[in-house]
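Two complexes come next, and they have one chain in common, subunit A, joined by subunit B in the first and subunit C in the second.
Take a look at the complex of A and B:
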């Protein structure tokens, strides 16, 4: 009896075998877990002395905000940063991975990392996974060849632009950029435009919210401005804080159990280092 | 289809596009629009779809942005090695064949329609069309992308052999402008690249420099131009 299918050794890359099983389970009524996504508004622009990256800080799991102050601006190199939109796990892991690869590359070459290196590493990885790694990134940095800003899409294509926006709030942010962007802005002007764009996303897009994070990268260095603007403070807080005197909760029964007779302290040898 | 249901965010980045390359008396002229779309959103209104492969060979890209970027990168790398090993500049025919090889051997994975054009001393100006599927066809002129559908009749009627550089450039710009007028997935600016024995010249035609056709209104002050 000959087999009609041939078992090939795995060639690497994403294995889609379990996708059919998942689709079957879903059709049987199993509810798929919701991914933690960064709904997101992320932006970047090139100004006179370098690049400014901006991001909101809301992370969602379906309709629920699971993190009101997450960090979407990731470290890639001392002179390069990357904002991430899409599935949070994918953006975190792909930026971590490329950051490690860049560090090894710096040791091997003895030079500072270039933005195009990070770009090529990201786009080859994402293209290989054919869009299954849902990471949409705004990559920016300053290297020996000057300031660079790129938009990287989940399928592996890239755009090189003077200003870029990504994520569910990208349309609101792009509207701000298209009306306010000028070439060769100063740092203050650039920060103002980036904040306006992120705020447009925060207030008009349900997938974005909370605070504005910024990262200003110039030849002199990188300045990460965490929570630069906090336009959504908690409206109602008790001036004296929340304090509950004892007796508020009824105690139905209590049982005290000593743990000491379950813990045995054994003297041992110090671990030897050879 | 609900365009704004959020599905456009995860749609693949594709270049709706109109691309064109024509032979003229001294070489070739490549032309393209500049619109890249993700679903119905214009992700990049000023993209450059004419990519350099070697000093004398360029490629127009249409279809999936990711696929064509990867193919161009690979072919640029192969041609670089080939030029070093050969000791001479690569021919347009070689470049076109390398693109064809990738497109044909990976036809089930790629969505890429490309036009390779350039100048070399053996064949002068040459244009090679490489549509979906990986056919290689040398032609005096070739068009591609979603906007090319609106150009077949016009190109058949208006193209003449041995045009001068200015005539040919006006011809290319007019064609792309016609396609932009009728195709929603094409737009932005018109970029042209002229390749001949003397070298390469890049040109750029913003919206207000393009010819106007039936019922088109002339542009006022463009708010997007600061």
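Take a look at the complex of A and C:
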């Protein structure tokens, strides 16, 4: 049989052929490239009508903030979303792939996707790569069986919880949840608790910062609230440049010199052309 | 016929320059239930007969018009199981395109990739051509479009087309009725009238299927109740 026109990458896990050579180079002093991690505080909780997911918006590359307003809440299906912590490329690509597979599954079955389906696809993929895909996810959605919230770890294990936090700011956020969470909260109460948890991560963890993104999922639909809270507004220089009112600088001495101002009117002839 | 000596092997040309297996595949399509499509100025409609082999078959489980992407749908004439394989391949190709280019696949690209698959099966050993022709309808950045793909792998863009049984009568009817500035509602009525022309028996929402896509770019199959409403309007 002839090959199909689009070449897919070979099936199977990573190829570790170059690892020994890389380790040797590193021992010789070559600097390994830093990759973009999301540091991150991501949270989710189940409230009366569904699920609320929250995330901060800082992406770091080592000690540098490389993106002050990145999007960490990813689309999986019209009724399912996923927050991602860990290596940014890993979380984005793994959620894109599972989103694609879920769409094909929806066409084949003629039904809306279920959260457990997304969960199983994610955990199978991550387990297959034995933790090399560094993606820690908080998966939430509402399907025919009700609202669901799961935490997925890079090695492929999962937790099913009424509230979950992941990322470097997870301890700060979990402290807020443990003290404030109650079953059956309303939408407003839920949003308040989620924002408090993310803000705890933003202010107390260096890997998290900037703004709060929210995603509220109910039976009626999904509401993506990008930059719902902005507790770290940026101050930009004024478009007119720096402006100093008088009195800002002390005057030591002043000297005024008048310019001579004379105007003399002279009658003359019109210039003749030769 | 001198060709019959060359009709068994797909990969052998006959003296008259034809691949007889492909001709036979087209015959299989002509024996299939009629499908037709009409491109209007603001959308596309495709319709197909859904005659079931017995009254005992659960008609809710039969879906002849399928979705390939949110804005592209397909109807077929010929062998149903062959169309299933193509629908599955096309859906996967659309997803791969989206993953590669982060853009929903344009209709002409999807049609071309499906046609390439169908052509591969006319030039390989040990396989037979697909016994279906497809009518692919969609609405993308280039507006509403209707394509027909044949078992040979050739495809054309049509303003209106019919495939399957009764195709010559249906095409004559469409040629008379088609106007360039037709709107989607008129196109649906024309499609129903064209199907009615060659229909044996009582036409109803249970034995035809209609799929439409309009400027909202969401392809959907009409429910039997909606089809009955349109049939009542046409009476």
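By our rule, the second predicted complex is superposed on the first by the 224 of 274 C-alpha atoms of A that agree within 3 Å, B and C clash if a C-alpha of one lies under 4 Å from a C-alpha of the other, contacts with A are read in each partner's own complex, and residues count from 1 in each chain.
Operating definition for what follows: a residue touches a chain if its C-beta (ideal position, glycine included) is under 8 Å from a C-beta of that chain, and two chains touch if they have at least 3 such contacts.
Remember, predicted model here, so these are calculated numbers, not experimental data.
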{"item": "First, second, both or neither for A:107, with subunit B first and subunit C second", "value": "second"}
{"item": "Partner chain(s) touched by A:134 [first = subunit B, second = subunit C, both, neither]", "value": "first"}
{"item": "Partner chain(s) touched by A:187 [first = subunit B, second = subunit C, both, neither]", "value": "neither"}
{"item": "Which superposed partner A:168 touches (first subunit B, second subunit C, both, neither)", "value": "first"}
{"item": "Contacts of A:153 with subunit B and subunit C, given as first, second, both or neither", "value": "first"}
{"item": "Touching partner for A:178 - first (subunit B), second (subunit C), both, neither", "value": "first"}
{"item": "Dominant contact partner of subunit A by residue count, subunit C or subunit B", "value": "B"}
{"item": "Touched partner set for A:125, first subunit B, second subunit C, both or neither", "value": "neither"}
{"item": "Where subunit A meets both subunit C and subunit B, residue numbers", "value": "none"}
{"item": "Subunit A residues touching subunit C - in the complex, by the definition given at the top", "value": "1-2, 4-6, 8, 96-97, 100-101, 103-104, 107-108, 110"}
{"item": "For the subunit B and subunit A complex, residues of the former touching the latter", "value": "6, 9-10, 12-13, 36, 38, 41, 43-44, 46-47, 64-66, 69-70, 109, 223-224, 226"}
{"item": "Contact footprint of subunit A on subunit C as seen in their complex", "value": "63, 66-68, 88-89, 91-93, 95-96, 98-100, 113, 116-117, 120, 123-124, 127"}
{"item": "Subunit B partner contacts - residues on subunit A that touch it in the complex", "value": "123, 126-127, 130-131, 134, 136, 151, 153-159, 161, 167-168, 171, 178-179, 181-183"}
